[in-house]
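Look for subunit A in each of the two complexes below; its partner is subunit B in the first and subunit C in the second.
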Partner chain A sequence: MVFLTLSCWIRNRGPDRFWKVQELLKHHADLLSHFRGRKNRCYKLAVLAVRRAFVYATKSRKLKKRNMRTLWITRIAAATREHNMKYPILMHNLNKCSVQLNRRVISDIAITEPRTFLSLAKLARARQQEGFRAALGDGKEPSGVLSRVMLQ
Partner chain B sequence: MSVSTRFGYLQSLRGFAALWRTNGVRVPLHPLLSLCAARTQSSVSGDLLPRTSLSSPPWSEQTSFVSAEEERSRHAAVVSTVNDRIERQDFGRLFAVVHFAARQWKVTNEDLILVENHIEAECGDRIYLEKVLLVGAEDFTLVGRPLLGKELVRVKATVIEKTESCPKIHMVFWKRHRFQKKRTIVQPQTVLRINSIELYPRLS
Partner chain C sequence: MSSFSRSAQQWATFARSWFLIDARMQPPGKIATMCSVRLQGKHKPIYHALSDCGDHVVVINTKHIAFSGNKWEQKVYSSHTGFPGGFKQVTAAQLHLKDPKAIVRLAVYGMLPRNLHRRTMMQRLHIFPEDELPDDIRANLTEELPQPREIPRKLSEYTQEEIDAFPRLWIPPEDYKMK
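Moving on to the complex of A and B:
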């Protein structure tokens, strides 16, 4: 080290450090106010915490879609079991009847419109019985009667 | 298709028939069951088979056969009652399931819908939502396969506001690799208010 006088010890760092620190702390104050400990006050810790928070937010935007779908499926399964049926049977038969309601809407209907959900369950059950009759009945009973009348 | 799935059950069906015969219970005689029963009449009437997971087929054998005419009359009765209700406009509040902007919405009157994209309509425009999947009232529901006709239902909506979403932050960070990217995403949004849902006799 070649600093021979006091004035040469002083390093002239960047001029904007203070403003950068304040920018992060003030700009993300609404985010930081929910953090625990020194992460919500001190710049070094806050930078890392904010970065983690943003990364978690981006990843969970994809996870949310998956979680919501499993939640809907659980709710629909519970509602169908109240009507003595199972979830895969309901969905398979509704697909066969070409009723293209998605799981979110069916779960909403199961919660707020019980009678409509009961009608959907009965439709699925009738389509299932029709399928059994077509498979086991050896063609003696006329299959497809139900669906033809229902189409009117 | 049906032959291969029934192969495993032939053995059990013979015993099944034997079980039902010894118990003397009346069974709606399935044609296949009757064939098996005819075949086993010569052999010694079998012992009761132990009930296992494969001793009876997984479908219930209780499909009660209703004749075609009776089915048709029942369906006609249901359809006529629903039509009477619709003509008298007897229902209270209707709800509908509408397919709009790649999503399905369960919708009633005076509902607000937030759609996360741009719509080619100005604020204050009245819109018909045409892809209706289901309409329900208190006592009846009309289920479309997959859609209901435009002559049957009409859903009216108004575009209320067109804004942008709050800035969402998309950030990627790999530790120990000096890799970090940050981007703010702002998406256009539209707010619709559902004015009314109408069923057919009153459609203008």
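Moving on to the complex of A and C:
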């Protein structure tokens, strides 16, 4: 045994542990206030919970992009079904007309500008009909108006 | 739409509608897909899973539902009571006789997302075996949805002129004996 006398047992550790604890709890108070149970109050549990929260935040930066895209697609599909059309038909025909609106913009249009969205749906329908005529016809009819794509 | 005030427009967008579906001579699966889409709110461009945008759906005449193929005899609904030896298997025909609402209810239950909203969505689904509706539900209905399947006409519903006008493929000879 090294520490043979009582005075040798006394260790001089850092003086500021209490303040460091309070700093963590106050610094991340906005984050910790939404946690459940003792994780929002007690230091040992809060440290682990905060670290886990940061890990989830980094991982979900990629998931957020995926989730937002599926939400936009769901909303566009709902709006196209209101106009008796389906989502893949709309997107395929808008692509063929070289309308380069992304799903975020189209879903916002579907919510706030219903008449603009109706015009997009009609455009896609017209392009679809032209595609059918080009495929089923004998080539004697002139190629359609919307099929002549100007922008590459 | 431009004549409505902003608050009235917002109230109309987020209001909860009541849909009516007549299930007479319809396949229960197609009825159930229509129900589940409207119960989740996926028919609205403002859909979000957390925003509670589902509507009410009322299904009538579920007693007169029509499975295609041999499903009345072949489709099996299984359940377990929890006790040993309690595995029960019932054909669709037997289940329909016992409870005419069960087939549509189970079909819709299986098509909803498996989360905690499913039970509230099932609360918003109202199934009636026959045409009769309570007055308070009848007062709430806003829209009737078209039936997914076109009901084919029975031979007795065709007029004699239409039967005669139909082209005959083969005329049997005089001494042909029909079974």
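Heads up, the rule we're going with is that the second predicted complex is superposed on the first by the 144 of 152 C-alpha atoms of A that agree within 3 Å, B and C clash if a C-alpha of one lies under 4 Å from a C-alpha of the other, contacts with A are read in each partner's own complex, and residues count from 1 in each chain.
Here, contacts are C-beta pairs under 8 Å (C-beta built on N, C-alpha and C of every residue); 3 or more make two chains touch, one makes a residue touch a chain.
Treat the numbers as computed from the prediction; the structure is a model and nothing was measured.
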item: Subunit C versus subunit B on the shared subunit A, clash or fit after superposition; value: fit
item: Contacts of A:Leu101 with subunit B and subunit C, given as first, second, both or neither; value: first
item: Per-residue contact with subunit A, leading partner among subunit C and subunit B; value: B
item: Vertex subunit A angle, Cα centres of subunit C and subunit B, expressed to the nearest 10 degrees; value: 70
item: Partner chain in contact with A:Ala110 - subunit B first, subunit C second, else both or neither; value: second
item: Which of subunit B and subunit C A:Glu82 touches, first, second, both or neither; value: second
item: Partner chain(s) touched by A:Phe54 [first = subunit B, second = subunit C, both, neither]; value: first
item: Partner chain(s) touched by A:Ala135 [first = subunit B, second = subunit C, both, neither]; value: first
item: Touched partner set for A:Leu63, first subunit B, second subunit C, both or neither; value: neither
item: Minimum Cα separation, subunit C to subunit B, after superposition on A (Å); value: 6
item: Overlapping contact positions on subunit A, where the subunit C interface meets the subunit B interface; value: none
item: Complex contact set, residues of subunit B against subunit A; value: 1-2, 30-32, 59, 63, 65, 68, 71-72, 75-76, 79, 95, 97, 104-106, 133-134, 136, 138-139, 141, 143-146, 168-173, 180, 182
item: Parts of subunit A lying in touch with subunit C, wherever the complex brings them together; value: 71, 74-79, 81-82, 107, 110-111, 114
item: Subunit B partner contacts - residues on subunit A that touch it in the complex; value: 51, 54-55, 57-58, 61, 97-102, 104-105, 108-109, 112-113, 115-116, 119-120, 123, 129, 132-133, 135-136, 138, 140-142, 145-146, 149-152
item: Parts of subunit C lying in touch with subunit A, wherever the complex brings them together; value: 1, 42-48
